[in-house]
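Going by the order they are written in, the chains are A, B, C and D; count residues from 1 in each one.
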Amino acid sequence: MDKVNGNHEARIGFYVCHCGHNIAAMVDCTEVAKYVGQLPGVVLSRDYKYMCSDPGQELIQKDIKEFDLNRVVVASCSPLLHEHTFRSAVEAGGLNPFFFHMVNIREHVSWVHTNRDEATAKAKALARAAIRRVAHHRALDVKKVPIHPDVLVVGGGIAGIHAALTLAKAGKKVYLVEREPSIGGHMAKFDKTFPTLDCAACILTPKMSEVGAHENITLWSYSEVVKMDGYVGNYTVTVKRRPRYINEDLCTGCQECIANCVYREPKFPDDFNEGLGKRKPVYIPFPQATPQVVLIDPEVCLNFKRGVLTDKCKKTCVEACGEKKAIDFQQKEEFQEIKVGTIIVATGFQAFDVARMPQYGYGRYPNVYTALEVERLVNASGPTAGDVLLRDGRHPKSIGIIHCVGSRDKKTNRWCSRVCCMYSMKLAHLLKEHTEAEIYNFYIDIRAPGKGYEEFYDKLLEEGVHFIRGRVGEVTDWAFIPEEEGKLVIRVEDTLANVVRRIPVDMVVLSTGLEPQPDAQAVRRLFNMSCGSEGFFLERHPKLAPVNTFTDGIYLAGCCQSPKDIPDSVAQAGAAAAEAMVLIDKGHIEQEPNTAYVLDDCSGCKSCIPLCPYTAITFNEGTKKADINEALCKGCGTCVGSCPSGSIVQNLFEDEEVFSEIQGVLAND
Amino acid sequence: MTKEWTPRIVAFFCNWCTYTAADLAGVSRMKYAANTRTIRVMCSGRIDPQFVLEAFAKGADGVLIGGCHPNDCHYAEGNYKMLRRFRLLKRMLKDLGIAEERLRLEWISAAEGEKVKAVVNEMVRKLTALGPLDVPGKFADWDREISPLAAAAAAAPVEHEVAHA
Amino acid sequence: MKYSYFPGCSLKGTGRAYEESLLPVFQALGVELEELDDWNCCGATAYMAVDEVKACVMASRNLALAEKAGHQELLAPCSACYLVLNKTKHYLHESPAVEAVVQKALHQANLTYSGNTPVRHPLDVLINNVGIDAIKKRVTQPLKGLKVAPYYGCQIVRPYASFDDQYNPTTMDRLLEAIGCTIVTYPLKTRCCGGSLTGTLPEPGLLCAYVLLKEAIARGAEVVATVCPLCQFNLDCYRDKMVAKWGGETVPDPRKAGARIAVGPRLDIPVVFFTQLIGLAFGLTEKELGLQRGFTPLRRPAPAQPQTAAA
Amino acid sequence: MDLRRTIKYESDRVKGFGREVMSVPGCEQLENCIQCGTCSGLCPLSIYMDHTPRQVMELTRSDFKDEVLRSTTIWLCASCYACTVECPKQIRITDIMYELKQRAIHEGFYPKRFPIPVLAQEFYRMSHKRGRVTENFLATIMFLKTNLLAALGMWRLGLNLFARGRFPLKLEGIKRRDELVRMMAVVDKLSIDALQNSQQNGGNGGGHPGAH
């Protein structure tokens, strides 16, 4: 039926959307409709308040039938937002969905211009181009790609853990890949969580062990994704598994080896405790680590020399391990290849490096701490078993907590890290509890916009914690008056009391901001994502697609997308899991049929073959022409753009279509 | 058109980076000159040199091509392919007597709405300084010059042959 | 090595000792300094307060003269001159309009400014061009164990920290260690000395200067080394006023834990130019180095002193 | 006790003052001030100021011209640049202080016999006239013009300096003074506001003044 194939001259219906005032305020929509109405091929031309609304879509369907339309053009917002909506409407109206073209006169016109005449002229030109283009459109079928049901979750922090569990509980098979020896991420290091003050370990470790135990989850810790190929529904991922020199299947986590290591005492800085504690060469990061498997650090283990196996050690650990034979000094790194349909990236953040702000004295004055260090210091299972003992062996009588270190600062990171206010208040509360010290918070603005957050702020005010509105200039150790001697002095303007103050304290806590992981750029390339200007991964749409990326089947969760607190990370992780399940349960995804094909007049010059990044083009010895494998083609059109004989065609972007668009935008009216 | 001339720019933006960046500029309500007419392609690699030539031939004063940054192409390397053609095109346009500034290639990532604004405004400034290109007009003049000669040639074929003899 | 030398007004007046010590030290190191012909006042900070553009014109005349002298690098020992000259370069670079004015003005004197005359500070040159080793070689009478508080002041590290760290500069520390001095930790390295306020609004000005001396004493320094004539003047010349105001204060005794000492009697701690110390180590006499010009002149530490100092 | 009404009316604002200051090259960033107080926290002299630097920034932005130009703050700034290098919004506070000093001097906004502007102007005159400055003369002039008593109080310092050859008795000067005069004449030719405008355009054209 020609309505679907449209093999007769075009009968075009044109619709321009006011989008409330968003477009109408800067573009004279009635004028545009009037102008387009008199263009050749246009059967009817309307302007309407909200085209994307149900009535708007029904209007299109009605008109198609009533006026026997065979082409439709809508001028409204960005196709990335509503192209799908209108294609469906056109299809519902009985036309092939690709007899439709969309003109972006909101993001690209009304929102970015200031002169109504110019904006209207531009809108007309773009509409004119679309009218000319759409006449050349052909009927196309959407290609259905099957979705592999397994999911890869990258990163085992709270976001990754929650996403993995959600999927696993829904019966999906999940690979959870974590770079560190144990999952848990930053949350595992926290003592309590704001504003409820429930202990981080108590709420996190059950989820961790559930991950370790769940039959649907394959947990690969101490591992990294190094390669990703394929496309939505059919990704092939290579994971590098670093050697822990322990056979994970044989190790029972009894930790006898640790007890019997030739090093009687722990000697090496322990990363989990931010270097405040010590560990042995064979160790388990922390008591509740998941998996419950030890590992050996070849950099310091006596059986190695700077990572190279020497076998010079008495190996008392091996004896201790005995029959289990779990220790394997020969272990090498291995690469495992897996097939998944969807991927959730939850690679988290890194804390701001305070060395970049020397004026706060970190590293110069022993009693200056980072927030993460304090989390460990107040933690019952931390290096001091919860006793807040300063590096110089004293207990603090007064403590200054400096907010916004490495946030809201053009010289470091411009953004607000969103959690510092709250965790600073949490630490203030905990430190008060542990030390009964005088506590000063130095803040620029208090940002407590979450559920129960403002109430927490009130609670601290009641506890008598001091809040001084002023960004600290410097932390020094020189005394101006005797009471300051032997103390750290914070000089700050109390901007509310309107005085400059010098406040001597025993301990300074730097509330460091959140920034992208150092390797965020590499990860972004690995998964074919984009980064925002700050370096966090970019979501597909800030409001409507906050967990999607520009690559189908790849989703974001947690702080790798932007700083957020635990509730938000968990919520986002759930959303990402749901998005993944949408594809999995549907079983297939409809793909834009913008693939390319070769015409008969191909001269067989082969120049296109090396250009295709997906090796979709092969030379057919029989026909002496190029062949394009539609399944492999991703529709970039590079081969089309460079075919000397113009005998490759890209659906939806055929030469006539683009040429008529060019002529359209330039034609004089 | 009565009001004073302003340049017309045809902009070919790749779907994944630059077109999205332009959307971002919109969402962030950045204001820039209204002289561009954007044409969306999936990848800058799709842009056929003929597209650019056609644009100039049909009266564009400038052509702007926007693609993903090197290494960031959604299709791995389409932007490199474009870059090669771009270099060729530039030389070709020079020979055709079209100033280089009239063709511009920019890598603009999905996050760089600010850059879209900056690039467009700057290009408009430059093109305004350069003045109209008006290739169609030039063609017209050319035809006007040719037609009498052609007519003459048609009118007096014999002399013509003599001239050759 | 040859540099155009821009002494600046102070080094011809209250800061003579700086020039008197700088020249022989550089000579001893084989660095040739050619005084800029007919240089004029850099404009200093005060001038900026009246008319920024004219200040730029004044400063740029010197830069232009230096270019005329053959694109040599320009050595500016006074911190204020060093900053103003550099600042002018930045300012002209940022604001073409101002540069246009300046060029017009320079034209009146058949001068031009291209902006490529580097303005250097003696510390910068000594560390990065002469080099510590060359200086060590030249030392004949190391100032063993002399406890020095290195005071850099503000304007050579702010706002343009070009050759040293803005928060914790160390060029002078390294130089003085090279000639045998012991550097005391001195957190006020780059704190303001009060600038011209000491003369105009004594109370706040003197306090700035006093704090610096007090901390030097508390840190057990025997001498304060400066790099700027104004800093030196402020710390050196107002002690009587400081004693009158704050002499009664005490600080913890750096030599005996728990004990305290009065600040007053110790406020006479010598304040010298770092070049004077280097000169001493090179075996030049107090007189040759203008040490007698200090209100509390520094005497060459007696060889016996190290032991007592160490005790 | 004497009571004072501290309320401000819109009529107390000199509308456009803030914009004017922010349009001077180097002062643009003031728009971004978030009133965090880093400047005052670092300023060694803020403890003597009637308005802290932070307040001066806000008063300027909100057009309270009188408060700003009459405040002691702008004169107490010793240009140590501590605020400028630490400001999280990269506002060049020291340069703004210079701008405000200039305006205060041009519009005569300071107490009679207030030494700092006098010093500044005398410095200006002397360096302008002679091409160089001889500090002890400069100081003397300043004291005579502002506070004779202080001048007398200073005789001791003078003597001490003299005794140590740090008190030259002849005024320094340059050879080609005419050259300097001619140069300054050029600047005078351009009227202040013409300069202002050209500065603005220049500032905008000339890259990004806030960029250090």
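Definition applied: a contact is a pair of C-beta atoms (placed from the backbone, for glycine too) under 8 Å apart; a residue touches a chain by one contact, two chains touch by 3 or more.
Just so you know, these numbers come straight off a predicted model, no measurement behind them.
S.K.: To get from subunit B to subunit C along touching chains, fewest steps?
M.R.: 2
S.K.: Please work out which of A-C and A-D is bridged by more C-beta pairs in contact, and write that pair.
M.R.: A-D
S.K.: Return the chain whose centre of C-alpha atoms lies at maximal distance from the corresponding centre of subunit D.
M.R.: Chain centre farthest from subunit D's centre: B.
S.K.: Can you work out the whole-Å distance between the CA centroids of subunit B and subunit D?
M.R.: 52
S.K.: Counting in whole Å, what is the centre-to-centre distance of subunit A and subunit D, each centre being its mean C-alpha position?
M.R.: 49
S.K.: Whole-Å distance, subunit C centre to subunit D centre, using C-alpha means?
M.R.: 23
S.K.: Counting only residues that touch at least 2 other chains, which ones in subunit C make the list?
M.R.: none
S.K.: Using the touch definition from the top, which residues of subunit D touch two or more other chains?
M.R.: Where subunit D meets two or more other chains at a single residue, that happens at 47, 82.
S.K.: Okay, what are all the chain pairs that touch?
M.R.: Every touching chain pair, ordered by label, is A-B, A-C, A-D, C-D.
S.K.: In the complex, go through subunit B and note every residue touching subunit A.
M.R.: 8, 10, 15-17, 19-20, 22-23, 25-27, 29-32, 34, 37-43, 45-48, 50-51, 54-55, 58-60, 71-72, 74-78, 81-82, 85, 109-112, 114, 117
S.K.: Given the complex with subunit B, which residues does subunit A contribute to the contact?
M.R.: Its residues touching subunit B are 78-80, 104, 106-109, 111-115, 118-119, 121-122, 125-126, 129, 525, 528, 530-533, 538, 542, 550-551, 594, 611, 613-614, 634-638, 640-642, 650, 653, 655, 658-659, 661-663, 665-668.
S.K.: Would you tell me which residues of subunit A are touching subunit C in their complex?
M.R.: 358-359, 476-480, 482, 485
S.K.: With touch defined as at the start, can you tell me which subunit C residues reach subunit D in the complex?
M.R.: 9-10, 12-17, 38-41, 43-54, 57-58, 61, 90-91, 93-101, 104-109, 154-155, 158-161, 166, 191-192, 194-197, 199-201, 203-205, 208, 237-238, 240, 292-295
S.K.: Which residues of subunit D touch subunit C in the complex?
M.R.: 25-26, 44-45, 47-48, 75-76, 78-82, 84-85, 92, 94, 98-99, 101-102, 105, 115-117, 119-121, 123-124, 127-128, 131-136, 139, 142, 156-157, 160-161, 164-168, 172, 174-176, 179-180, 182-187, 190, 195, 198-203, 205-209, 211-212
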